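Across the two complexes that follow, subunit A remains constant while its partner is subunit B and subsequently subunit C.
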Partner chain A sequence: MIRALFFKEWLKIKWAFISMAGLILLILIKIGLNLSYYIRILEAKTYWYQVIIMGGIFFREFTYIPVLVGLVIGFSQFMPEINADRLKLTLHLPLKENAILLYMVLYGTAALLALFLGTYILLSLIVISFFPFEVVKAMWVTMAPWMLAGFVTYWVTSMTFVERIWLKRGLIIVLGVLFIQTLLNNYAFEIYKNSLIYFFILSLLWSIGILYTGYRFKKGVMK
Partner chain B sequence: MENVVECVNLTHYYGKRLIYENLNFVIRKGSIFGLLGKNGTGKTTTINILNGYLKPKAGHCYIFGEDSQNLSPQTKARIGFLMEGHIQYNFMTITQIEKFYSAFYPRWKKEAYYELMEKLEVDPEQKIATMSCGQRSQVALGLILAQDPDLMVLDDYSMGLDAGYRRLFLDYLGAYAKDNNKTIFITSHIIQDLENFVEDIVILDYRSVLLSTTVKDFKENFKQFTMKIPEGSKISLQKDDVIRNFEILKDRLTVYSFKSRQEVENHLKALNIPYRDLKQVPMSLEDAFIGLTGKY
Partner chain C sequence: MIVRLSRYLLIILTVFVAAVYLPQLYWVSFEPRIVPPMVFYSPVLEKFMIGHLGHGEYYFTDEDGNKYTRQQADKLLPLLNYRLLAARGQMPDSLLGQPITLEEIRHNNISMRITTKDINPPQIPVFPLFESKPPRLRLGLPDEYFRINEVMQFINAHTNRVVDSLTQIFSDALIREGFHFPARGIYGNPTTRKPYDAGYFIVDQDWQLFHLKKVHGKPYCKNISLPKGLKIVWISVKEKEIREFCGIAISDDNRLFLVMLDPERLQPLPVKEFNRKTDQIIFMGNIFFRWITIRSYGHSTTYLTDRQYNLLKTHTETWPTKEEMLVGKANTFIFPFELTLQSGRTYFINFDFTSYRWQALILNVVLMLFVLLFWRREQKIKYKWLDALIVLVTGVFGFIGVLIFEHPDA
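This part shows the complex of A and B:
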């Protein structure tokens, strides 16, 4: 049953997933070419100085990409469910309603995780060919809150779609945006190093938010 | 006989707007039950309550003995659900959707689905989104038949279908239900189609339940009388125990009643209605429905 449910989720997000993977790949190529270009033009030591001493973030393009990925995957997964109230069909499947909703979110989260892990691995391979491992580690920590913002965006999107009332949707979006924007600073390396764990714990609360809007959907709450 | 569905004192409001109050009905095992009413009288509301998608302001519905607000997965597997407009996962193909649902239902009958699909002459890899409304209705029906549920809940199966597809839908459904002793709960805004299909009915009106009976009793006991009246005459007639509804069109008065011809005539005479040529006119289920609920 779970496999069948995941099959349905894949059919919905397939093209979104592939296009986001393509976009990430293009950005990675751009970053790789930029690094190669600057090192050749500015000379390695000057560019190293800019990056390592001055803290120039050369992968700034990725600040908002996880948010975009979360939004696109969330839309592609939940729009077809809400369109014409198809979620009723899904919740009618012979599984516990909460389990169905959590499996759906789990699938979307796993899709995001795959894309973000892919980004980490490929970017690490690019960075390690120009810089020492310390820069790779700093890149991981710097990008982690942006990735977290991507997950939260996805959870907020899924939660918002399942909510029926526009006023409540608006409230969820406002709260979500306020939270997400605190994760998107990109003016220096590792600025979230000490607070990341707290943001991570807080972010997890959003992941189960769909149970609240799902309950409201199921009971037909209209206020 | 065992009751598959029992709804007790259902009352629902949307905001301050009353939909209905104290709706009671039971659906017997193996019967075909029709919930009839004009648009906005609460048919889909009732189906939403039955499926647990809406919590009524008061009252309860029980399906196979379970409260509809908390149906177990085992009970959900016994209920086939057709959404209004034959909504299905339109991003799937004919093959994909069969494969998807088959994983959930232990009694899945693939052949029941494909038997219907063969009649459609569509490509197995065609997406449901690219099909006509009639074809989509057959996909939805095929999936329900393949599920082999004990209770089928069908919300306005007729929406968007032409006469041919409506007939095909009911013919298939009726034959299947009869052969397999299935219970059907159906709503439709096309009453004439249900005349020879449903057995028990509840007729909803705005804010109230008009009638709960069998089609046979309704057609036998509810009568239409037409008569001539002087054109332009001021007739003061009101709905009451004898006259359930009436219409005046130029020199013709039509009266609908559950009473006998003699009782209606006595009543009209007591009210000093200047009628002549009173005739009882046979009615179809649709005529009777309109007679009871009115045209507006």
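This part shows the complex of A and C:
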């Protein structure tokens, strides 16, 4: 049953997943080309200075990409369910309703994790060929909150779709946007170093938010 | 059960978001401009002169409270305003019985400021080691950057590979001076925009302090003897034209030292109270005096010394903080606490909570009663008591959360 459910989720997000993977690849290629260009034009020592000493974040493109990925995967997975109330049918599958919702979110989360892990690995490979290991490490810590923002975006998107009251949807979106904003600072390397663990815990709280709106959906709350 | 849990998690998230943004909104709307007074020392009056910005005009008072306009103060602070006075033809040719020239004044005037943000900023621990005696005189970026782990390792920026020869020579030089790897701290001023290069100051595993620079491609390394038990946790290296010293060192018990050159040693500064997490250091000086202002929140203390850093006198200034003003008091009745992510004291993002304000309980109780008695009156009390408790503790923040996310079984 769960395999069948996951297959259904895959069919929904397939194109979103592939296109987002393509987008990430294109941006990685751009960053790689930029690095080789600047190292050629400015000289390696000068470009190292800009990055290592001046704190120039050369992968700034990735600040908002995880948010976009979370949004696109969330839309592709949950918009079809809301169209003509198909979620009602889904919730009638022979599984507990909460379990179905959690498996759906789990699937999307795993898809994001795959994309973000891929980004981390490929970007690390690019960076390590131009910079010492310390820069790779700084890149990991710097990008982590942005990736977290991607997950939160996805969770907020999923719970917003399942909610039926427009006012509540609006409030959840405002809350989500304000929360995600706190994760997207990119003015220096490693600024979330001390607080990352707290942000991680807080972000996780969003992950089962869909149960709240899902319960309301089932009950048919209309006001 | 898990549905109810998910609701409370959403309320916690609302409390977090509200505690960050609502106080921020409040302060953006109402925060007054506060300009702390700036303390100088007048060699003419032989008194502290304090510059204030009040109602758009800049004026001075001296330590006895006498008021001076900016015009009057210009002549009382001739070493600070020497360019202005010289242009007006009003520059005295001697002060405190000593003849002075403009060149001497320029050379000896000094001003350094170290803020909490300068101490332990985000940093990638790889540094360029400049040639201190460049053949063409101008400082230039080297091809190699170094890191210090179990050796001092140089990496060539072009090849991104370790340069074994330099690694060997510099590691050996450090070991010869008694360095114990790895380094606890590496402090320098990696820029080419400075009058000369002092190299780096490195604290080793045993809290010993070393001075390292590259002279004609070779290591210059000195173990700087420190008083027993002294642990240096930060050095702000700032090469100035006057080569007496090249920075300020801070110990873990918040004592301050000047890093002297020729020979290298640490000169204690007679500063009594300092906290590197909260206070700013303003170091100023001229031909005759040095004065160090430690600026805390709402007050500052200035220590005047002679050129041998013997304490001559001190002066304390206070100014109102926003918390003491009406806007600062009013908000403590609205918000039971505030959560600041970017404090302005550091580049890092932290969870900085203010202490809990009991006076906000008045509003909290009102909001709690509203939730208990008026909000969704059809709801049974058993669904409400935890909500009421949340509102009682978190006040307006929790109130918003409870209003947005009503109980799923209501």
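Worth a mention:
To be clear about the criterion, the second predicted complex is superposed on the first by the 223 of 223 C-alpha atoms of A that agree within 3 Å, B and C clash if a C-alpha of one lies under 4 Å from a C-alpha of the other, contacts with A are read in each partner's own complex, and residues count from 1 in each chain.
Simple rule for what comes next: a contact is a pair of C-beta atoms (placed from the backbone, for glycine too) under 8 Å apart; a residue touches a chain by one contact, two chains touch by 3 or more.
These numbers come from a predicted model, not from an experiment.
Superposition of the two complexes onto subunit A shows subunit B and subunit C fitting side by side, with no clash. In the superposed model, A:Lys219 makes contact with both subunit B and subunit C. In the superposed model, A:Ala4 makes contact with subunit B only, not with subunit C. Using the contact criterion defined above for the overlaid structures, shared-chain residue A:Thr182 touches subunit C, although it does not reach subunit B.
Put simply, if you stand at the Cα centre of subunit A and look at the Cα centres of subunit B and subunit C, the angle between them is 140 degrees to the nearest 10.
Once the two complexes are laid over each other on the shared chain, residue contacts for A:Pro94 go to subunit B alone; subunit C is not touched. In the superposition on chain A, A:Ile121 contacts neither subunit B nor subunit C.
Of the two partners subunit B and subunit C, more residues of subunit A are touched by C. Contacts of A:Thr46 after superposition on the shared chain: subunit C is touched, whereas subunit B is not. Once the two complexes are laid over each other on the shared chain, residue contacts for A:Leu205 go to subunit C alone; subunit B is not touched. The overlay of the two complexes leaves subunit B and subunit C separated by a minimum Cα distance of 10 Å. Taken together, the two complexes place residues 219 of subunit A in contact with subunit B and also with subunit C.
Interface residues of subunit B, counted against subunit A in their complex, comprise 14-15, 48, 51-55, 69, 73-74, 76-77, 79, 81, 83, 85, 87-92, 96, 99-105. Those residues of subunit A whose C-beta lies close enough to touch subunit C in the complex are 43-49, 51-53, 55, 98, 129-132, 134-135, 138, 168, 171-172, 175, 178-179, 182, 185, 187-195, 198, 202, 205-206, 208-212, 215-216, 219. Taken together, the subunit A residues at the contact with subunit B in this complex read 1, 3-4, 7-8, 11-12, 80, 84-86, 88-89, 91-96, 217-222. Of all residues in subunit C, those touching subunit A in their complex are 2-3, 5-7, 9-10, 12-14, 16-17, 20-21, 121-128, 141-143, 145, 147, 155, 157-158, 160, 190-191, 341-342, 347-351, 404-405, 408.
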